[in-house]
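Look at the two complexes coming up: chain A is in both, with chain B in one and chain C in the other.
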Partner chain A sequence: MNDTSATRSVGTRSVGTRSAGTRHRAAIGSQAVAFTAIRGLSILTIAVLGLILGFILYKGLRYSNIDRSAYLPYAEDAPDGLVVAVNSGRAPGALDWGVLYGMFTDEYIDWAKIDGSDDDLTPIAIDPATPEGARAEAFLFGTEEAGGYPAWGGLVQTASTSAAALAAVAETPGAVAIVPEAAARGAPGVMTLPLRRLVLAVNPEVAEFVDDSYIEDLSGRDVMDLLSGRARNWKEFGGPDLAVAPVAPPEGSVLAAAVRSAGLEYPAGPGSPVPGGGLEYLAAIGGTSGAAGLAFAGDAAVAGLPAAMLTRRTSGWNLTIGYLLEAPRLSGRTGGISTIIANTFLMLLLTVAFAAPLGLAAAVYFVEYARQGPFVRALRLGTETLAGIPSIIFGLFGFLFFVNILGFGFGLLSGSLTLTLMILPTIIRTSEEALKSVPRAMREGSLALGATKLQTVARVVVPAAMPGILTGLILAVGRAVGETAALLFTMGSDYQLAKGLFSSARGLSAHVYLLFSEGISFDRAFSTAAVLVFVVLLFNFAAKRLIGRMNRSAAA
Partner chain B sequence: MRRRKILEGAVEATLFAAALLSVVTVVFITAFLFQRGSPLFEKVPVLEFLFSSRWEPTAENPGYGILSFILGSFLVTGLALLIAVPAGLAVGIYLAELSDGRSARFIRSAVELLAGIPSVVYGLFGIAVISAVSRTLFGGSGYGALSAAMILAIMTLPTIISVTEVSLRAIPRELKEGSLALGATHWQTITRVLVPAARSGILAGVILGMGRAIGETMAVLMVGGNAPIMPSGLNGMVRTLTMNIITDMSYATGDHLTSLFATGMVLFAFILVLNLVVQLALKKSISDLEGKSGE
Partner chain C sequence: MHDSPVKFSIKGLDLWYGKTQALKKIDVDIGEKSVTALIGPSGCGKSTFLRTLNRMNDLIDGVRIEGSVLYEDADIFAPGTDVIDLRKRVGMVFQKPNPFPMSVYDNVAYGPRVHGVKDKAALDEIVERSLKQAALWEEVQGRLRSSALGLSGGQQQRLCIARVLAVEPDVVLMDEPTSALDPISTAKIETLLDELKRRYTIIIVTHNMQQAGRISDKTAFFLMGDLVEYSDTKELFFNPRDERTENYISGRFG
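Now for the complex of A and B:
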């Protein structure tokens, strides 16, 4: 306030100064605002760009997914005294009950969806007529008194005893058998997989649709709330308007023990244990409105009780050394990307072999030989136009010309030639700049010594410009690595190692796209993308180093 | 002596041939696209192809109208420029006028890195992040014109930033010093002297970015939704010319395939016009605009 009045009092004395002064002050003020805005916007933009780079690299290295599953994370080593025996060459990891059930009912034919390997699945059952076999059958399909019935799949092979089953498992990489724990202990070539089979069984009414809404996926905390009575109504979880009735398993039962080892203590109070055996317990859940209780998946299925879906967070390393060194299998579902990396480098080598001489020759012509005129201007216009053509047009052209008209087919050669045309303008431009930066005196000196023009160009000018030419080449190749659209129509998509110039081959960028578009694996697409970004960064870094060295030698 | 002369002549001819290759390629691309695309117009009038939005190439009575894809391309590109131009101008001005050497170097290399990231990787990023952001902020499925435009904006930013910076730095020092000497503030100098003086360069850069955006395929394909319908608002699914080509290319035959080449012709025509505008009307070559990379 004081400030304004002071200005005004000065202003009465001299009108001109006042208006210039305030206007200047206002201009300074708006400059401060504008500069702050520009700084802010710039920092914001750069931060966003940095976040993008960080996100891509992070997602490439780690995966973290929220899966939905009916099973609680607790896994039993020997459920009901039985174990799941597999060949000792398998990757260890717990199985879900549903997967085990699916293995013996023809739902799975190989291990691809189970642990990512591509062995065929060989389920082995002990003859159900023997006591051991009957025990395994009751375990898998439920006892007769509970209403279970055996539904062995057609793939299942029968072994006479548990020892025979174990011997078969030790021989066959993809075999699986359910045998008594005592028999499997110490059996050679065999290991056992823990089993997850605890689910939250609910009364069928709870799992009904109400106004298009269905009970949500539950977190671990939700399960605790439900069992302890802290959650009072299913409405809280998007379900029907029913009071929650927690039911506890009978004391001393196998289920109660499993629940206790899973760390899920039923608090004293609401969930009063149902007296009697397991069947009464399941009947109580089925018969009580709004009831929920933990149960084994197999028993709940036989009793006709739905299981609530739970969320499970999984995370781990996405990009491993193995991923880089293994060959892809099953369209990239399993295995790694070694052949794809090799294909990419073969493609780049070929592209450089074509593009470097052509680009350098064109640049030498423009700088050393061309006389200015409309014709040379037209040539330059052609180069500039080529630089602006989008890759999909190059793809169409490559498909027409190299693949069909010249008859090269989908393969390394067609792809590399298409890429060559794409990066040619960049190479010409950077080589031209490098050639132009060679001092005139060097050319004149060489000519004065009696060298011909060709000798001058080949032995003096080009060697002197070499670092600049190389830099341009590296930058252009770095751009070519990421090319996708043009290569999909020209290079094919075979993920095996290319066998020759005409063999269809898939590069890193196409692999990223196909992993995504064929719905194979988003995580794998990201880890391949991280490798791709890393390769691009490597090329950029190499170019930077070269430029740095050039500047230093120029300064010296 | 004569043999040497012949050799020199042969080498010059070879070099000339290499220099000719670019022009030959452009001519070949034009000729082949035309040769393979134009037969469609014997069956479908050009006007119907351009101004009908009925795209049913596999129907009993096939329709080949690409109006919705042309509009889709321009919608996505326009939205992208709406985001990228202000941000790019701001960063360009910051780099040329406000930043000190070290932070400018840092920002410049970050921008260069981002210019080098392949479009398919941007596409993945778009699916993982942009579509979710768009879904939360604006509703809809998250796969549509707005998401595609956001991705394109990020991808055209480096071009616009570097072109703005190069154009601003190319202005003679005297202009800036004269303005400051007259008592104008730095900001007044930027808005009333420098930016107007660099206007043609900046405009050329924006057009260049527009050309890149129209021709971009993979990233928009992954987040644009790709429904062959008229774009219905900013959130609606969109298919651009490039998406139309790449989606159907894998299975098209006969007239359908021909119509894809015709789509390519239309796209190529747009790109050529944009390029020629940059090169002829503004008398700047693309290489001048993009500056010397890596310094």
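Now for the complex of A and C:
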């Protein structure tokens, strides 16, 4: 284009037209614009790709969440001189008071929703007839209120002394007991969990839904603003038009000590100080318009005071070594993805074992043996068409054919066979190209030595085409590893390690899909996606290395 | 120079590519343990003729052959002829070096292996002997395991010759084996041919008439599918019987 425009301009200039030079410059100018546009677009494309990849990897590696909870994030090691004793095999972590309460009132039957483990929950109560037992019962249910452990038929087991309770805890992985701190100290096989029990109790008026206004979630900073008097009106938090009235706990109370040790001390507002004990304090909050004050969750609940919802931003490592090495539990809600990674590789292994020989054989037939006639043209057209069919169609076919008609059921075999069908066209096509690119001279050289056609193909042509064949295979496997739709219909979704060819199994991409679509965990979907991306990158990298090495050894 | 016993006897050979006749009524006897050069302008049929002798033309669609090609008194186009065996005994070196993308050793051992030699010691012996015959051993003995594609063009062509010699052929067909090489490599291969003709019958297509004059005992001149003249090389170059031969060798066409 450059040449022709230059020639034309020279030609016209000699004739003497003035516009020639301008036209030439215009041509150069538009070319420069085109180049700049193309370069800009390609840089933009690469930037967008990098952004996507980086985003997925970042989201996979780090999580950043806004947790909502009524509890302030301050945990007490030994509230009221009591500790929550659990088996030392448990994962450490603070408990919310509501959870502890729920454990002893048959709200939970196992630890799954508490710390994600499978252990059955065994709450152990010390006989309330003993002083220790009475203390623990009072701690859970309050002294004044009627209430106590569920009478019968529940999970709660009774121990005669704190020593007996601790012994039971040391023996039972899922056991929990509330024992005096002194008794638990140094007890073998036992550890204690800190407890969160401070909430922001507010006057019921504040929490009411009035005229489209409702207090929004409060951040930790909002809480401090409210209690210190910096915030004047609940309107600032989306609430009703009420003046904020902070109430401080009575001096010398257990609550005041807990608030002080948490470093949350705040000055007394108009409604305080409240004389007397905890009940008067809670009554003051309940009786003062716009009142708010820190309280123990249990007391607030008994007093009928609502607790404000607090938000907290948390962040940390999403993708940990443990996540890669642990088996998933509870549909992937907890645990890791080790079995899913293993299933993915099993699936790929099987798929390659089916697809590579089939694809190569078909390509060899097309290139080396088939007479190039209408039949082969039709076959080739068919293969190319298959390559463009959406994977969901392959999934439906696999479901009908492998799962139902052949009766393989949902499992590795059905899934791998479906994937095989899906990637075969790609493998055939790329292998064909690789075989065709082997020079004719190479074939003739072999045949002229008296080699048969089969020997020539097997020992010279296919090895010479191997880098190209492998590239195609790896590209196809890259497509297979990301396949989801075709597999949900055929391979099943069991997240355990596949026990055999007919065992239902879930791969990484299906896991991402299910974690997301079933609303199990967005973070976990991303960390699994990051692993998936990493696996694909690994494949490509390995392919590059392999092909590079083959080329080097061929050229060296 | 007296005529040696006949290795190939070609009688009335016609060859068509589809409707185009590429060889017309060729009659020629080729003696054993000699170098026969085939010369002529491009498209004259000399390469086609050469490829007929080990039936490499079979690989091309639409080839039709009439007449007879007797190799050691047996017609190679007779039904039931073992083409594999024929090609084993009538080896071929191509215009462009075409080593396989494998090691030097594996290239030379390829022929023996496809013919069933598995014994490691025997293969070692064949590889060394063949490379020595092809005057390549000194240059590659330290790098037998590295890729043949790393050799120079001249080395590659001698490797291809060694590869042919490794199957212990009787006849070696060469299709312009030096046309893609530099003069030094060409000289090495010409020296090699002089050695090889003591043991093998060599038929070589060449564009280079000096080369034909230097290395061959007999020369055949092809023109447009006809074998115009076939005689002792000196005779053909210094005393051509046919006017067309004289025109060609004196550079008036082609």
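Heads up, the rule we're going with is that the second predicted complex is superposed on the first by the 479 of 556 C-alpha atoms of A that agree within 3 Å, B and C clash if a C-alpha of one lies under 4 Å from a C-alpha of the other, contacts with A are read in each partner's own complex, and residues count from 1 in each chain.
Just so it is clear, a contact is a pair of C-beta atoms (placed from the backbone, for glycine too) under 8 Å apart; a residue touches a chain by one contact, two chains touch by 3 or more.
What you see is a predicted model; the values in this text were computed from it and never measured.
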item	value
Which superposed partner A:Leu538 touches (first chain B, second chain C, both, neither)	neither
First (chain B), second (chain C), both or neither touched by A:Pro463	second
Comparison of chain B and chain C by chain A residues contacted	B
Contacts of A:Ala182 with chain B and chain C, given as first, second, both or neither	neither
Touched partner set for A:Thr452, first chain B, second chain C, both or neither	both
Which superposed partner A:Ala441 touches (first chain B, second chain C, both, neither)	second
Chain A positions touched by chain B in one structure and by chain C in the second	452
Sites on chain C touched by chain A in the complex	54, 56, 59, 84-88, 91-92, 94, 96, 98-102, 110-111, 113-115, 146-147, 149-150, 160, 163-164, 167
Residue numbers on chain A that touch chain B, as the complex places them	24, 27-28, 30-31, 34-35, 37-39, 41-42, 45-46, 48-50, 52-53, 55-56, 59, 357-359, 361-362, 364-366, 369-370, 378-397, 399-401, 405, 421, 424-425, 428-430, 433, 452-454, 471, 475, 478-479, 481-485, 488-489, 509, 512-513, 516-517, 522, 525-526, 529, 532-533, 536-537, 539-540, 543-544, 547
Of all residues in chain B, those that touch chain A in their complex	4, 7-8, 11-12, 14-23, 25-26, 28-29, 32-33, 36, 86-87, 90-91, 93-95, 98-99, 107, 109-114, 116-125, 127-129, 154, 157, 183-188, 191, 208, 211-212, 214-218, 222, 242, 245-246, 249, 260-261, 264, 267-268, 271-272, 274-276, 278-279, 285-287, 292-295
Footprint of chain C on chain A - complex, ascending	439, 441-442, 444-452, 455, 459-460, 463-464, 553-556
